[in-house]
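Note that the chains take the letters A, B, C and D in the order they are written out, and that residue 1 is the start of every chain.
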Amino acid sequence: MSSWAIVIGAGPGLGAALAKRFAREGCHVALLARNAERLTSLQKQIVSAGGQATPFACDVTSKEDVDRAFGLMKEQFQQNRLEVAVYNTAAFSMSPFLSISPEKFESDWKTMTLGAFLCSQKIVDLMAKQNHGTLIFTGATASVRGSSGFASMASAKFGLRALSQSLSREFHPQGIHVAHVIIDGYIDTEQLNKTFGPGEPGTRLDTDAIANEFWNLHSQDRSTWTQELDLRPFSESF
Amino acid sequence: MSSWAIVIGAGPGLGAALAKRFAREGCHVALLARNAERLTSLQKQIVSAGGQATPFACDVTSKEDVDRAFGLMKEQFQQNRLEVAVYNTAAFSMSPFLSISPEKFESDWKTMTLGAFLCSQKIVDLMAKQNHGTLIFTGATASVRGSSGFASMASAKFGLRALSQSLSREFHPQGIHVAHVIIDGYIDTEQLNKTFGPGEPGTRLDTDAIANEFWNLHSQDRSTWTQELDLRPFSESF
Amino acid sequence: MSSWAIVIGAGPGLGAALAKRFAREGCHVALLARNAERLTSLQKQIVSAGGQATPFACDVTSKEDVDRAFGLMKEQFQQNRLEVAVYNTAAFSMSPFLSISPEKFESDWKTMTLGAFLCSQKIVDLMAKQNHGTLIFTGATASVRGSSGFASMASAKFGLRALSQSLSREFHPQGIHVAHVIIDGYIDTEQLNKTFGPGEPGTRLDTDAIANEFWNLHSQDRSTWTQELDLRPFSESF
Amino acid sequence: MSSWAIVIGAGPGLGAALAKRFAREGCHVALLARNAERLTSLQKQIVSAGGQATPFACDVTSKEDVDRAFGLMKEQFQQNRLEVAVYNTAAFSMSPFLSISPEKFESDWKTMTLGAFLCSQKIVDLMAKQNHGTLIFTGATASVRGSSGFASMASAKFGLRALSQSLSREFHPQGIHVAHVIIDGYIDTEQLNKTFGPGEPGTRLDTDAIANEFWNLHSQDRSTWTQELDLRPFSESF
């Protein structure tokens, strides 16, 4: 039986690094994001490196889209074993409180929390049938601290963290490992380098290093599962 | 200049106790909830006890309703000083994860988090003009712990707690006190007594005792403000 | 039956304010600290304001001293009801890690944690016989965060917080209220004013305002007990 | 330049598993514990498996002993690179509060906290010269929760956690990785099996699996360092 994995929020940066790592570990990777073009480009990179990937363009805040995408995945991967799924969709959002529009507050929540809920129901359902699999949520500093200016992002990210805790407590005993990773610092992406210039070596979270930590979570013995992992550069104040 | 207060979620139980207490402290209390009939009944109780209250029937999850209600309040209370506002709207919600409908997950969030966001923008705006006032959010055990079965409620309540933290950090320096109260146990309400029978004395949170704690938060010297307060019966395991 | 109270660490500043407040509430206050002269001076202030106080000079890190002092208290107050006891002994301690001597690390722990343990055993024993009373520990920012430079102070203060939690969970059901107060900021003391000059109004914790919060904790209805309270000036970053 | 490692609390169970793992990774392992005989037995096992280890019988609560042991290590390993050090000394301690003797409270603290302080000063000093190395503290459920009956153990373990936080914040920027691991459950040791019988598979933390997590912490890229890791069996309630 071959293995597969799901990366939701398979954009450039961390999403791509996760997908590539899971492919290198032998998983056929289902790539989810809104931007179909980018997914195809990522798929090509994975395939040309000898891996397998299939894009599923999808707006994860839409129940219909999520239903459709997971329907297709079920068909394609029904003989396979789902190893790991990551909900990595996020949006940086910072603003004085009185400048946050209700639309923005709602869309931040939909992107970071509702989408996670919708996808988790599908993923947990698939993993429960196997009594196996790891579901990981990407968190941030704002997941554990409501700083000034972060009312919208922190509210959504706290909500995501609560979801991860509830799922851990309900599904660990069924063999599904659920974990929440707090990314406490800037991720070293091309876009960040363009905006702020390159940082000092090691001061921004390396995407391959993060992907390694996610894979390690999946590789944990079931007698030593981690629920929450914080990751930050050696140079980061906290 | 006379004083006024706002109780959002002025239903029976804690909401009513808060409104009565604020009225006894000399505040004209704006009562918000969906059920107009109940609000009028509560208003009558307050008035017959010598206090002042005005009902504003309102669905706090609707921006239009919130706009309309706060527009009316602004007119009525523009010469007054807003002392304290409480966001007390909540909904108990417990269910196995795979049985939670997306509609329920969204409506829990709207009731417990989005409504708080919409009302907070109005309240903070009013209080910022005075450089004075206390905004309190009613939390629960699920605000700090995502237990099994509480994916929906905890996700919403965590989000509310994040909101309270962000508002504290942004608005304390402007003289607006923002606090989050964790109710860790069962509130002693008529409905609970009907369902489960009366509890042993002191084992359920007394609504007047809670209201006293909320008023104490408002009465704190600005050199000793509390951001988070936990309240539980002496008999409660935690 | 008359009331009494205990203030351990009844030095100038917060200790004195607590003692004066408890005396004003009608308690005969037992004053504990090492410095006998200061205790006598505080006693005089309380008595001249119409209150009652007795000094018990005592090194709370010494089991013999604690045994002796509580032996004397038992005799003097055996007919009375112990209302509230505060462990307020602390020491500010900040230093690069490699500069902390083992003696300093141990003496910080003895002052802030061992002394609390020794006194708590006496206090809990007294309160358990009444099924009544409130035991409060004074904490600090370092009680919940191990910052750089605070290895010694944070280690001791974390230990004190753990003690407060264990006592709450063991003795709340017996009617003894145990609480931990986090003082997050500078207390407005004469000594601080001498060193740093007077602060802007409200930016340092007022000792009478803190004492008010401690008394409020003691006054809580047993259906709404607080385990942990944070107090900070409106102007404080956190 | 060859590598070395330090295991403090190299008793049977987790300590032995850590030492064996570090030896397999190519480190010459310094073994510290009070029981010289056991250390020699562990050394033999490591050597017979092709590894290197040296016993340093030592009471880590004694400054003199710690000075002596680290003096010997410095001589032996001065040309080597210290990779990882673990403070694993602990003592299970549970008792009604009023039954804890002051001697026990103090000895728990010395074993779990003071010993960590004494050894950390030596270790940090060694690692600061290399700008490299990982220092890991073994924590427990009692490190983050003061349960009833755990006043002594939780007080000591909270203190240890504070120490780990302060060291992380002071020394991460110097290239020393400091982490705290929360063991939330029973470790699968021979002694436990004798007392309670064998558990269901996977329901007790496997010592080799824990050792793997410790090594993974040491292997983290410096752009993604973890400060705190929780480990628990899939079956554990939390």
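Of note:
Quick note on the criterion: a residue touches a chain if its C-beta (ideal position, glycine included) is under 8 Å from a C-beta of that chain, and two chains touch if they have at least 3 such contacts.
Because the structure is a prediction, the values reported are computed rather than measured.
Where touching is counted per the definition, chain B and chain C have no chain in common. Distance from chain D peaks, on a Cα-centroid basis, for B.
We define each chain's centre as the mean of its Cα atoms; on that basis chain A and chain D are separated by 32 Å. With centres defined as mean CA coordinates, chain C is found 46 Å away from chain A.
The residues of chain A that reach two or more other chains are 169, listed in rising order.
In terms of which chains touch, the assembly is arranged as a closed ring, every chain touching its two neighbours and no others.
Working note: touching chain pairs come out as A-B, A-D, B-C, C-D.
On the side of chain B, the complex with chain C involves touching residues 169, 172-173, 175, 177, 188, 202-206, 209-210, 212-213, 216, 220-238. Put simply, chain A touches chain B in their complex at residues 63, 96-98, 100, 102, 105-106, 109, 113-114, 117-118, 120-121, 124-125, 128, 142, 145-151, 154-171.
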